[in-house]
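In the two complexes below, subunit A is the common chain; its partner is subunit B in one and subunit C in the other.
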Partner chain A sequence: MAALLDELPRFFSYYNVIFLAQAFAYTAGLSLVGCGLGFVAGFGLAVLRQERVMRFAPVRILALLYVELFRRIPFLVLLMVVFFGFQLAGADVPMFVVAATTVALSAAAFSAENVRAGLEAVHRNQWDAAETLNMGGLRALRLVVLPQAWRIIIPPSMTYAVGLVKATSIASQIGVAELTFAAKILNQKGFSPALCFGTILVLYFVLCWSLNRFAAHLEVRLAPSRSR
Partner chain B sequence: MPHLVLDSLSADYGRDPVLSDVGLSVERGEIVSIIGPSGSGKSTLLRVLVGLLRPRAGTVAVAGTPVDYGSDAALRKVRERFAIVFQQYNLFQNMTALRNVTVAPTVVKGRPAGEVEAEARALLAKVGLSHRVEAYPDELSGGQQQRVAIARALALKPDILLLDEVTSALDPELVSEVLDTIRLLAADGMTMLIVSHEMAFVREISSKVVFMADGRVVETGPPAQIFDAPQTERCADFVRRILRH
Partner chain C sequence: MGYTLQYGQVTPYLGYLAGGAWLALQIAAVAFLIGWAIGLVCASVLHYGPRPARWLVRAYVTFFLNTPLLVQIFFIYFALPDYGILIGSVEAVILGMSLNAGAYMAEIQRAGFASIRRAEIEAAETLGFSRLQQIRYVILPHIAKVLYPPLSNQYIILTMTTSVAAIFGVEELTGRAYNINAQTFRSLEIFSIAAVYYVVLTVIASAVLYAIGRFLFRIKGKVF
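Then we have the complex of A and B:
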């Protein structure tokens, strides 16, 4: 313990703090961009699977296929596929793009299921009533169904997002300088593992905790208990 | 010419036929009630009329013009003429009573909000709910919710009001408030097609009663005929069983 305390000033040197801050920003950025894009895409997929909105069956089936396929691919495998996919295509893109694409592809499939669960939890008779009032699928979705679905969509989506923040550590496998990668580097430089991984533990916690606060805020805004 | 004419209408849920060869006509200002055992296709008939279920065969004509249920544009026009009130009210749970009534006229028809709101308040007053306009559905009793649903249907100024077992989900003491609201509409000359199990009410309010069984129209006639002198064995049997208690 005393040894750890001795090590502290050296560990939190100017250079190391900057290095960790960059890694933190990288993990946060990767999570936000990946999850954000993934959620938007997943939301679209879930909507396209709704017969009331998308009448054209082949589109519904394609959306279903995407979701069922991508939910079943392990994150690391998907990361490698995207990595080599970009290489094969001859696209020389930054590692951040590779990692964010992977997160987004995976998040889209899982978000689609969370959104679908929410939409389907709203009773069919709400769609019926909207339809007989000539609202049309998208308008019924926006005015009637979604306001009632958010409170079912948000909690599992946020649980998933927090899980994904943690999964971004896998991106260290392809040399993306995110938090876990930073901890490994510092550890290799001779700092004690307890200090390296203890620090990123706190940083991961801060990131996930902020995400939970954001979720709570969203729930209050989008799904007040009134919109039952 | 009758306002609404159904001819040889058939529909099915997948393989199960639910309506076979249904024929029926409703004059303007007339109140036609459909009775029959559960599963006889009464509610399905109303769902077909508003386009929630596509008919497989037969025709529906409104004011002499046949309706093409395969075309979205035609369907939209039909829904402007037919308003339906459901057994389970189907009010939008995320909206107040007032918003439930104003949402379609403002958003779908694009009418000015102020004008629509004044009309909606008048309609809610008419159904006896002027004091509950800001309440959400889950704050209202079943009878109150059903009256909001009737106001919502009327807000679109339909030619024909379709009422699908509107009192079946209500506690007995709440039934009369909804029936009174329907009587009020009848007094205004509203054309209505009513599916109901309230036989005394059907007898009192209808100009014509249609008895359905197994997806078919078995007998049609004035209430006096259906209830006192049915011409078919099925109808006589049904009426006898219903009126016994």
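Then we have the complex of A and C:
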């Protein structure tokens, strides 16, 4: 313990702090871009699964298949598939793109489920009523269902986003300069592992905990009133 | 471009990969059982324990829920040896996964405890049930039915999580995929096959857990 304390000033030197701050920003950015793209894609998938919007059954089944498959592939394996997929396709892309694509592919599957749950929480009569008013599927979705569903969709999606922030730590395996990778580098520079990994555990905690608090706050704030 | 997928080169390794899947299932099962026990103790403390103990458990749960499993295992595997605690890679992975799953399952089971209504206990008391009988005939059946779906979901998640063990050199499904990749260089082929293995593994596990839930607790809803 005393040795750890001795090491502290050396560990939190100017350059190391900047290095860690950059890695923190990288993790946050990777999560934001990945989750953002994934949520948009997942939203599309969930909409495609709605019978009222997509009348053509094969597309609905394809969307379902995507969700069921990608929810069952571990992040690490998906990362490897995307990594080698890009490589073998001859696309010379930055590692950030590889990592963000993986996060997005995985986020799409999970958020599709959240969005679907939200859409299905809106009573069927609402769709029927919209149809009676001669609204098409997409119009009913936009004007009738979504205004009621988004309150149910957002809080669990935030919780899943936290899960993905944690999953980005696995992206250190392909060498993107996010927090876990930064800790490994500092560790290899000779700083004690307890300090390196302990520090990033705290940093991850700060990020995820505040996001989770925000999600909990939204859940209370957005809770749909039950009185009709 | 110009790359052709050659699955023929990796087919001799399918059995080897299946062995890895078996190891993954074992790791998941052990981590699940330990995590479940941790979760049960923590949930009991959260619900019935004295205040300082509750704070401690809450701190543990909050910390483990908000940090990545990979970094937790890194800490266990690399930092603990500095303090004289030497553990192998499989043990470190299982320990990390158990502690992590324990935090999740504490939350799940706390919700289960909270779902028992006072009126139920009072009704049992009115019928002259002893404390043990209350637990056996009222509390347990109720809790089991409420907890079964989220806990089986947790098992499926743990099965996928075992892939992290590959990073620590454990030769489970993903670890063996790494090995085969190193031997054949058919990277995309082998990792896509590994992905299919995980899908099949979790689909089978889901189906079995669903059947058990249906049979034991008459749960009709979807499990995972």
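Assume the second predicted complex is superposed on the first by the 209 of 228 C-alpha atoms of A that agree within 3 Å, B and C clash if a C-alpha of one lies under 4 Å from a C-alpha of the other, contacts with A are read in each partner's own complex, and residues count from 1 in each chain.
Everything below uses one rule, namely that a residue touches a chain if its C-beta (ideal position, glycine included) is under 8 Å from a C-beta of that chain, and two chains touch if they have at least 3 such contacts.
Being a predicted model, the structure only gives us computed values, none of them experimental.
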Touched partner set for A:Ile200, first subunit B, second subunit C, both or neither: second
Residue contacts on subunit A - larger count, subunit B or subunit C: C
First (subunit B), second (subunit C), both or neither touched by A:Gln188: neither
First (subunit B), second (subunit C), both or neither touched by A:Asn134: first
Which of subunit B and subunit C A:Cys208 touches, first, second, both or neither: second
Subunit A - residues contacting subunit B, complex: 125-126, 128-135, 139, 143-144, 147-148, 226-228
Subunit A residues within the subunit C interface of the complex: 69, 72-78, 80-81, 84-85, 87-90, 162, 165-170, 172-173, 179-180, 183-184, 187, 192-194, 197-198, 200-201, 204-205, 208-209, 212
Footprint of subunit A on subunit C - complex, ascending: 1-3, 62-63, 65-72, 74-75, 78-79, 82-83, 160-164, 166-167, 174, 177, 187-188, 191-192, 194-195, 198-199, 202-203
Residue ranges of subunit B in contact with subunit A within the complex: 50-52, 76, 79-80, 83-84, 86, 88, 90-95, 103-104, 107-108, 136, 138, 152, 156
